[in-house]
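Each structure below appears as structure tokens.
One chain, chain A, links the two complexes that follow: it is found with chain B in the first and with chain C in the second.
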Partner chain A sequence: MKTLILAVAIRIFIPLFVIFSVYILFRGHNHPGGGFIGGLICAIAFIFHIMAHGPKDTAYTFFTIKYFRKAHQTGRSSVSSVLVLVYKNLFRKKELQAAPDWLPRQWRVDPIFIISCGLFLAATSGVFGLFLQQPYMSALWADMYLPVFGKPGTPILFDLGVYLLVLGVVLKITFVMAEE
Partner chain B sequence: MQHILLVLPLLIPLYGAIACLFFWRKLGVQRVIGVVTQLSLCAASAYLLYKTDTTGILTTQIGNWQAPFGITLVSDIFSSLMVLSSAIVGIAVFVFSLRGLSNARQLFGYYPLLLLLQMGVNGVCLTGDLFNLFVWFEVLLICCFVLIALGGSKPQLEGSIKYVTINFLASSFLLTGIGMVYGILGSLNMAELAVLVRSAEANHGLITLASIFFLVAFGIKAAIFPLFFWLPASYHTPPIGISAFIAGLITKVGLYALVRLFTLVFVLNQDILLPIFLVLSGLTMVIGVLGAASQVDFRKILSFHIVSQIGYMLMGLAIFTPMAIAGSIYFVIHNILVKTCLFLISGVVYRTYGSFALKKLGGVYLQQPLLSLLFVIAAFSLAGIPPFSGFWGKFMLAKGGLEAGNYGLVATSLGVSLITIFSMTKIWNEVFWKKKPAPTEEAARVIAEANTAHIGVLRLLHLPVVVLIVCILFIGLYAEPLVNLALRASEQLLNTESYVNAVLHK
Partner chain C sequence: MLIIILAGLFLAFSAPLLYKWLGKYVYVPMALYPLAAFVYFSSYLTDVLGGQTIFAIHRWAPSLNINLHFYLDGLSLFFVLLVTGFGTLIMTYAGGYLKGDPLLGRFYMYLTLFMVAMTGVVLSGNIFCLFVFWEMTSLSSYLLIGYKHDKAGSRNSALQALLVTGGGGLALMGGLLLLGAVGQTYTISDLLNRGDLVTSHELYLPLMVLILIGAFTKSAQFPFHFWLPNAMAAPTPVSAYLHSATMVKAGIYLLARFTPVLGGTDAWQYTLMAVGGITTLLGALLAMQHTDLKAILAYTTISALGILVTMTGIGSEPALQAMLVFLLAHALYKGTLFLVAGNVDHATGTRELDQLRGLGRSMVPTGVAASLAALSMAGVLPFFGFIGKELLYEAALAATTFKALLFAVSFFSGMVFVAIAIVLGFKLFWQASSRPTPMLHTMSPALYLPPVIISSVGLLFGLFPAALVTPILRRAAEAMLGVEQLFELALWHGFNLVLGISMLTLLLGYGAYRYSNRLHTYAPRLNPLYKLGPQRIYELGLEGLLNGATKLTQKLQNGYLRSYIFIIISTFMVLVVWVLAQTGPVLDLSGRWQEIRNARLYELVLIVLLVPALLFLFRTRSRLTAIAILGMVGYSIALFYILFGAPDVAATQLLIETLTVVIFVLILHKLPEFRFLSSRIQKVKYMIVAGLFGCLMTYVTLLVKQYPLVSGLKAYYGENSYLQGYGRNMVNVILVDFRSLDTLGETTVLAVAAIGIYAMLKLKLDNEH
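Now for the complex of A and B:
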């Protein structure tokens, strides 16, 4: 279903949906909202994009990390070469595009990766209590107040995990169904 | 310390599954993760059992919300025994699946699913909250659904549809029962329910009505007569590694929940409930074993035997004396090990001879004497011939039954043992003893494959069977530790005060 109207409107709507979903995620601690509903809202943005442009385009635009990698590694340890790789890709990308010995590479982020990150975050949010001789999933709060964020604590990790998990599951289902 | 100990059986498989998800397409990495996870799960469960046995019932309140409001994890001896035996079976099935399951199936998330299934089983055994019990059952069943359908061959889909439909029905019964209990008593924490039920103002009639919902729900999940028809129709369809784990463990988890609830919460109208249990357990034994006697397929015979053995486990609950319930507990543990072992043996036979049908098999005794010996030990254990493990379970049940004066049920159980030997002899005669018939095309292909396969592959398939047989021999020949554990566990079950105190008043 390729329609021009949807394709144009989606450019405005995607950031809107994503920002709104993050807002819903953070307000969830004391008000209606939270990770589950936030993840669903965030997924809507990408579902619209799939409807307008097809799954391959969406996967390429949003879920592919494009980076540069040096063709020959010479005499460096793997840790330092990885550090150089990350640093150059983050801050010196323009130089790399011109450099002949850095080749463009792609890494497609599969939704399953998002799912497992979410699960890991949610499961790990409970572990912190265990280290302090408290039961699993005991909420720990820091004694400070950040301007927009509020009071940081472990429950937000759980919500963030649920957010990623829901986003990943919905995306996986949509990608599979759209490709058929 | 107990906070960590109680969540470890849940966290280890969960983290294992997450790590496997990170390496979704890399089978080699998943296998390494699987080995590490299974071994550490087994160690954690063993330590949990040791701790529970030495220091008494352990509890932790998830999220630090105190007992009747938050979710409690409780481990007494019975539940930690279940966790440990499920971990042992998990290792065996995992090792078997390395070579016993096709790579295509393994790639579709077999290892994460197996780990999540184990997490579900441990969750059911450790939870102390009625609704949480329902949630863990759903975790477990959804993993079972996917595992049974994994690979998507036609008989598998047929079997999984039957399994899904009937089990969702059971879950809805369970949910209705939980809703009724909450409506009547206003709590879902099992320890608090145990207190409320025994108070003066409890409405006995309504509580008994609610308990029937639980009986039906867990009756379906544990495959009790007359609700067992889904089991022989679905358990023989998936590949052997999967069906061994599900067949060995899942029905016993249903039975565990039944024992837990009907010793802790629904103990009031025993003059109504116990006769029902008595009739159900007798009929389950007889019908199951008669079904087995009429089958001619290796795995279907074993599936019907699951039903029959469930009757024995229910027998302890029906007699309701400490000795009989200890017998049930011993029998559950014994049966988890033996049944998985027999299924794995049928898998080894299939891998080498390409069939489960008794008619097409034969002559295994001459070619694989070791496997035949292992089968004999497992089959004798199942039938309950001394000194193997089944004997002690049946002995305790029969002793408890005779002491309580249930002569009819004891006689039935002994008669059923005879028919069990008969159908095991049938497998022995047909598969191991008789002359080998000319192989069919498919069988010939598998045999050729097995002959060309590396000898290490077949050794690896034997390894889990040998490990399980060693466990069975250990609890049979040196039964005292497990019998004592079972006796202590049944005392804990019947003496509900210790459970209530551990949960509610630290």
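Now for the complex of A and C:
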């Protein structure tokens, strides 16, 4: 289903959709919104992209992390090599493209990974209460206000987990259905 | 006490890692843990022997009033020392027995888990703890029996043990909950004082039967005994520990623990005496027929468990005292004999009696241990088994009912025990033989030291009963009887009737030993009889269950979405009509007309939008139109939500509708051609069901609206969502804060559903390729 208008429009709309969904997620505590709705909105953006460009294109554009990697050197601790890898990829990407001993790699982020991240976040957000001798899932709140974000607390983490999980579930279903 | 339990759990799960680090020395930390627990609990000895009971309560789920409640009195301490003391030796032994096994780490994990669970069972101070730990023992037993998981026999035996003991566990749960409801407390120490309340209650009989089923399945009583011999598929340390010394005694512990609550009635006494008696006889008879070392030991264990149940059933002071003494004696000698059997198996590669000869010369310490244990089993004078046997006879003779029968049962089993003891302690090892069975390798100290230690403890206890065991047994008996006990154990009672009977047992037992060879030749003739036994019933039941489940699934899950919906809706309707017909509030339609006339314009517009859309849905022959109409219906419902003030729900509904339509469109071109497949009769059937369902839902909605909503929930959340949840959006605060556990459950379901859909579609796609 290649329609030019949708294909061009969705490229512009995806950032808007994503930002709007995050906005909906954080405003959920005081106004209509929340993780579930936010996750759905975010997923809809990508579904439109899948409709316009096909699942392979979507997965390559948005769910593949391209990075450069150097072969592990003996005599160097793995922690430091990971740190170097992260630093170089984040801030010195231009140099790496020219460097011969850094090879390009891809890591495809499967929606299942997003689901598990969401579930993990939602489940662990309740653990903090346990450290303060309170039952599992007791909410903890910081005593301050951030602009946009609101009052930070564990329920926000929980909502973020729901957001990621819903996003992952819808994306997974769509990817599987769109692929052949 | 909590720390001991938690440390055990931690150690259990770190066992595979420890095995990686420590290699064959992994047994050192694993054996040190039970030793530490043994020492720790020994430190309570002075307090408990002084007549105190020790409590420890930790909060677990305070909102449900369920706490981790530990309770240590004489009976618990007796069992806990047995479990941890044995555990130390078994852990050491297992290190030698399974040396070099690649899965040894996992084995230690299961075994330690079991030990923790068993400690938990005997320490539990309330019903919930007891049940949780009880189930943990069943599970770890399953894992241990199925340890050699590449053998089908092991797996089947493990499953059988799990089904039997797990089924018993289910009955036990019912029984315990009833007991808690009847006794109005879930704390065991409170229950102990409410025996009269429980026994006079009308629910006493069902709850007693349920609890007894739990205890009988665990302790392998007739007709549930068949899982125990099969459980011998487990490695020998497991057989010695779980299926002889500790786990099978959990059922006995349960009976002993609840004797003050449930005991004393005719039903209790006669059931226990009958079941225990039959088990004793059956175990003894079957033990005589077998030639496999571990099978013999398993059946004598069943027989001994039968005696313990019988004694608990008699319930008099001497009987319960005899029960405790015999339990300890049995654990000591049977544990040793199992380890000896393991050594023989390990060294020669066979457990068949007729292939084993003259082992004594090549494995002296094992042989000595076997003889010491066998002497105790036979009940020869300076051993602890002798005291146990004497007390058994005394208790049987002092019983008020069925004296002759009880005595006959214990005499017969005693005789069989003597015969078997001669086989195990003398014939295998010391009988002169020209062609001794060849040894595959020599014994390491880890293999022969534990049985030697356990059997010597049996001798020590026999020589100095008053100093070593009487105090703790006295407190244990008090826990069962609830009154101060005079408990005197002595080796020598003088020349009296019981001593004469003991001598007679030994003599007749020797006779039985002489004829045991002939018995073995007769044994196969009884095989047709076993086809009718409980084992066969279990197999038939399992088969029937699987077949029935397959048929039912094929019938209900035939793959047609329409029939699923049909079944779900009709079941729902039947249930609703059933409830409505019973309570039957009458629908009051007066005043409704007024409401309809007051309807707002936008409500009418929505109705005008919905109804024709639905009618059009029936007529359409295009899938795309159908999807579009369904979307329209969905959006209209979202509008309803907005109009009635539920913006959150409306937003979700809108998005879900959008998604549904989009996903449908995405897969539209992959679906087959749109056709009407249902016959006219089917259509009429579905129409009737749909119509009825619509009417019913309307009726229920009208009925619900008839009553004013009395609930403090709305007010509560309205007040507290900002004060406690710091959010003005009540719905969201409920979702992520007040009821976040529910949300977590729902999202988990969502994740599982996604994985399910993925698996289903992927499987289909892969099959097509």
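Here is the rule we go by: the second predicted complex is superposed on the first by the 177 of 180 C-alpha atoms of A that agree within 3 Å, B and C clash if a C-alpha of one lies under 4 Å from a C-alpha of the other, contacts with A are read in each partner's own complex, and residues count from 1 in each chain.
Here is the rule we use: a contact is a pair of C-beta atoms (placed from the backbone, for glycine too) under 8 Å apart; a residue touches a chain by one contact, two chains touch by 3 or more.
Every value quoted in this text rests on a predicted model; they were computed, and no experiment measured them.
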{"item": "Three-chain arrangement built on chain A, chain B and chain C clash or fit", "value": "clash"}
{"item": "First, second, both or neither for A:123, with chain B first and chain C second", "value": "both"}
{"item": "Chain B versus chain C as contact partner of A:113, first or second or both or neither", "value": "first"}
{"item": "Partner chain(s) touched by A:84 [first = chain B, second = chain C, both, neither]", "value": "neither"}
{"item": "Partner chain(s) touched by A:6 [first = chain B, second = chain C, both, neither]", "value": "neither"}
{"item": "Partner chain in contact with A:134 - chain B first, chain C second, else both or neither", "value": "first"}
{"item": "Chain B versus chain C as contact partner of A:44, first or second or both or neither", "value": "second"}
{"item": "First (chain B), second (chain C), both or neither touched by A:22", "value": "neither"}
{"item": "Of chain B and chain C, the chain that contacts the larger number of chain A residues", "value": "C"}
{"item": "Touching both chain B and chain C, residues of chain A", "value": "112, 115-116, 119, 123, 126, 135-137, 139"}
{"item": "Residues of chain B defined as touching chain A within the complex", "value": "3-4, 7, 11, 14-15, 17-18, 21-22, 24, 60-64"}
{"item": "For the chain A and chain C complex, residues of the former touching the latter", "value": "28-37, 40-41, 43-44, 47-48, 50-51, 111-112, 115-116, 118-119, 122-123, 126, 135-137, 139, 141, 151, 153, 155-156, 158-159, 161-162, 165-166, 168-170, 172-174, 176-180"}
{"item": "Chain A residues within the chain B interface of the complex", "value": "110, 112-113, 115-116, 119-120, 123, 126-127, 129-130, 133-139"}
{"item": "Interface residues, chain C side, partner chain A - complex", "value": "62-63, 647-648, 651-652, 655-656, 658-659, 662-663, 665-667, 670, 725-729, 731-733, 735-737, 740-741, 743-744, 747-748, 750-751, 753-755, 757-758, 761-762, 765"}
